[in-house]
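Order as written gives the chain letters A, B and C; numbering starts at 1 within each chain.
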Amino acid sequence: MMGLNLLADLTLRGRICLLIFLAILISLPFWSSSYIISVTTITLYLAILGQSWNLMLGFAGLLSLGHALFVGVSAYMAAYLFSVLGLPPVIGIFPAVALAVLIGMLIGYLGFRFSIGGVYFALLTIAFAELVRIMVDHMGLIGGTEGLFLQVTEADRQGFDLINLRGHPWMFYYLAMLLAFLTLAGCRTLLKSKLGYYWQAIRDDQDAAQALGINVFRYKMYAVMYSSGIAGVAGVFYAFYQNSLFPESVFGIERSIEISLGPIVGGVGSLFGPVLGAFILTPLGEGLTEFTDYLQSSGLIDPKLKLNGLKLLIWGLVVALIVLFKPAGIWPWLNEKLGFSRKEGE
Amino acid sequence: MDFWTLANALATGLLTGLVYGLSALGLSVIFGVIRIVNFAHGEIMVMGMFFALIMFRWLGLDPLLSIPLAAAILFVFGYFLQSTVISRVAHLPDHMQFLLLAALAVMIVNACLLIFGPDPQAINISYSFDSFDIGENLIIDKSRAYAAIAAVAISGLLLGFFKYSRTGKAIRACADNYLGAQVVGLKVSHLYALTFGIGAAVLGAAGCVLLLLIEVHPYLAPGYTLLAFVIVIIGGLGSMTGALVGGILIGMSEALAAIIFQPSMKSAFSFGLLILVLLLRPQGLMGKSVK
Amino acid sequence: MTDNAKKIKSEKKTGSTISRRQFTTGVAAAGAVASVGPWYIKNARAADPLKVGVLLPRSGGQAQIGIDCQRGADAALPILKNLGYPEMKFMLADFETKVDIARTQTAKLIDEGAQIIVGAFDSGATMAAAQVCEQRNIPLVVNIAAVPKLTGMGLQWVFRNFPHGPMIVKDAFINQKALFSMTGHTPKTVTLMHVNDTFGSSLAGALFKLAPKFKMPYKIVEKISYDPYGRDLSAEVRKAKASGGEALWVVSRLNDAIMMTKEMVKQRFEPMGIMSTGPGWYDQEYMKATGKFGDDVISLVPWHDSNKPLSKTLEAYFAKHHPNRQVNPNHTYTFEGIMIAADAYKRAGSNNAKALQAALRTTNITNNVTTAERIAFDKTGQNPHVKNSAVQNRGGKNLVILPKSAAVAKPNWPMRPWRKRG
């Protein structure tokens, strides 16, 4: 079973830690506030996107700084189908994800066919995301700048309707958890499969892999397709969780950067890196907000002083320090120190 | 479409484009030599803008007069940044460099936020509402004209520096042949730091010039970073004249797109152009084939 | 009064954002009924101050207007107290002129115990806040937001005391006809420039739909939409100039208004006049930034009625506390928003959400500030009585020119050419 395979990679210590972590996550809604539940839901959502982003960089070698594009088109598609045609997301997810994958294939194809790599590819993704954002801004059919709103009532908020994705915040929380877990397990399965070995070969030495007869183009495309597909799934979740979509907030470059931060901080190319990264950055951000609020309320800093920006300033500093001192990401370092996973002789 | 409307649009686009070109020069210099993609580009320029703003508010200085000081301060900043921080990530993969500079960008934006607040601030200079009349039908905005002249002057200075001065040639040598430069005895790390300093100084100047045209606020930066990239790619990474040509091209095409289509779509045009260039001619119009 | 309670009171005045920790610490220390505690006690005590979440753009592009709105809210506290309304406690939130943040800030306010929300000035942000309020069953009193969908989606918890797009446009047409006949100058063509956001797009849409029905004497020859985050408006203004429209109709915000005026002067674009349906052009900040070039703009917006007694009280307050500021819709509608909340609380006798909602539905205030004859809400949550005026900038002041009954000056139409100004 997929989940058990996950455990096989970990040492005893690793398994215990994972179990504790899972226990905390599963029990969270019972002992914390609605605010923490919503923050954790978003963290899980970002962990899913982080995994998806990780696939593209770690295995297709493509730095994507426009990942919000895949999330966005899928979100809009599913939301539109639901609000205009009444198509429940459980069905709407298929065309939505298909659209995301299609666009991923287009961009991947352009990147490979025209041999665009590195920074140039990153800029290509940014350009596409911005282009689509501006186009959607002008598409009155799906709301344009006015936004696309999904009708939601208080009654909806009590239920647990998975077909229409209308429900209590707890429903979304556990759904996010499930999706995150499935993504993690799915990526691991992919990694251990033949596909995964080809990917690693391509990543380690593309030319040698090509010489050995591996169809580099095809396997890189698979990576892109999986990556954009997972992002698409997350997009559908996002649409029905937030219930309103605006081009600026869905396709904006801050979104794309937000997606990439988790895996980079956690450790690109590793399985647990993106998850760890997401769970470091979000609490860091929230903690800093609390800290700056505390500074003001306890009188250490004059409460009248407007301190917007202090939180992100410190946050940026922390991220910069992580890059300077732990460039491989935090997961590899943590793993080294605390021995969570078995070394694979890699 | 009336001829004179078009002519006026193109003239304005040209002038604005020259200022864009100056800002893109900063990026081009840094990437061309050090091969670092400066994602904090817009932020450094915004620092220059805020500096010019303070000078205007406290001393009543026209932003153009603030240029030497802004350039000097940002030169020191850039030099310091490269030698202590950025040089440490030079060997790391692209995404780590990106993250470091992005984190730096976040820090700069939020420091500006803390100091200046989030609201857009503009200067109201004596000639803010004035224009030059050329002939009967050509109207040139005074602030834009002055800004463009300053941009051309500074660009000229920079090009001259790189072409004729000893240090400039040394820097170009580093860019062309890193190993060779070291063999010959050039102190590469110092030259790199100098280059970053120069790039930052150019951005400081560009910021002062830009304050004549638009209002400044901390969140202005990402848009300009993106714009600079579009220009540099289209003009050709590593080519300084390319940056200027790219700037003019983008300035003029944005102005045309706004007139012919809807103004709210003008950025879409620039991005579309970027995609085309990336696909068909990634070395840009004037760049050497770098892949 | 304990130190913490004093601090909260002073924070209300300075407008800082109260965090969860701050608020609960303060309230607990003050010994008032804390946000934790049995719900039945909370609901029974109508003597507790009503926790009003005030959601406004306090930073970012619309900060000036958001801060201006807050002035109206702050004026409400002492004035309403004198009128015998129950006490209220503000919880200030800033959505940084970003729609996304409006959504999270509204949720945060509600999580932290807000019993009613007033806001949010920006149409997109108000829509996002409305959705959250509807989900959480907390009433939202809209101070300013014109997008029609807000009261057209069947929401049960939204109450708007401000005209929506079609109402603004309808009154604008009526006032324009009056203006043209009064001055004998009717434009044959009009160019429309609008900001491409929720507010601008919806108003532009309403304009096009209603113009033929009102048989307006002019044709709209060009519709120019511009990016709200744009860097400069030279191309847009140039396009407007080239379009040949005799008069200019603008729907914009404050910063665009200033930029647009500068460009118009620089490009020597002199339409017959500038008519605005929206914020910005009547603002003190606009007149300060443009000086003599900001004169003669006519804003077709809802205004207050200076003859009403409560208006006089408000104007007196402003004369004392903000001597260099004229009372404008930012102030009056936010003031009325707070008043609506207080009034509902008074009649409901409890801060329970459903009770407040029921009370809001039966609101009927005639002692108000604006030109609406009463504040009352129809089935959709809209106040159908709100009316629009026409106000012209003159020498740093806003002068009401229409309706004739409230006019204090004769309109300058056509506007004076740029070069011929003082």
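Note that in this section a contact is a pair of C-beta atoms (placed from the backbone, for glycine too) under 8 Å apart; a residue touches a chain by one contact, two chains touch by 3 or more.
Just so it is clear, the model here is predicted, and its values are computed rather than measured.
Removal of subunit A in thought leaves the touching network of the remaining chains intact as one piece.
The chain with its Cα centre farthest from the Cα centre of subunit B is C. Of the two chain pairs examined here, A-B and A-C, it is A-B that is joined by more C-beta pairs in contact. For the pair subunit B and subunit C, the distance between C-alpha centroids works out to 39 Å.
Subunit A and subunit B, compared by their mean Cα positions, are separated by 32 Å. In terms of their C-alpha centroids, the spacing between subunit A and subunit C amounts to 38 Å.
Counting partner chains per residue, subunit A has residues 137-138, 306, 308 touching two or more of them.
Along subunit C, residues 59, 96, 196 each make contact with two or more other chains. With touch defined as above, residues shared between interfaces to two or more other chains in subunit B number as follows: 117-118, 262, 264, 267. Taken in their complex, subunit C has these residues touching subunit A: 7, 11, 14, 16, 19-22, 25, 59, 94, 96, 98-100, 103, 107-108, 111, 123-124, 127-128, 131, 134-137, 147, 149, 153-154, 196-198, 201-202, 228. Touching subunit C in their complex are the following residues of subunit A: 33-35, 38, 137-138, 140, 144-147, 149, 151-154, 156-157, 242-244, 246, 248-249, 289-290, 293-294, 296-297, 303-304, 306, 308. The residues of subunit B lying in touch with subunit A in their complex are 37, 85, 88-89, 92, 94-96, 98-100, 102-107, 109-114, 117-118, 218, 222, 226, 229-230, 233, 262, 264-265, 267-268, 271-272, 274-275, 278-280, 282, 291. In the complex of the two chains, the subunit C residues touching subunit B come out as 59-61, 63-64, 96, 196, 224-227, 229-236, 238-239, 241-242, 255, 258-259, 262, 265-268, 289, 293. Touching subunit B in their complex are the following residues of subunit A: 57, 63, 65, 110, 114-120, 122-124, 126-128, 130-131, 134-135, 137-138, 253-254, 257, 260-261, 264-265, 268, 306-313, 315-317, 319-320, 323-324, 327.
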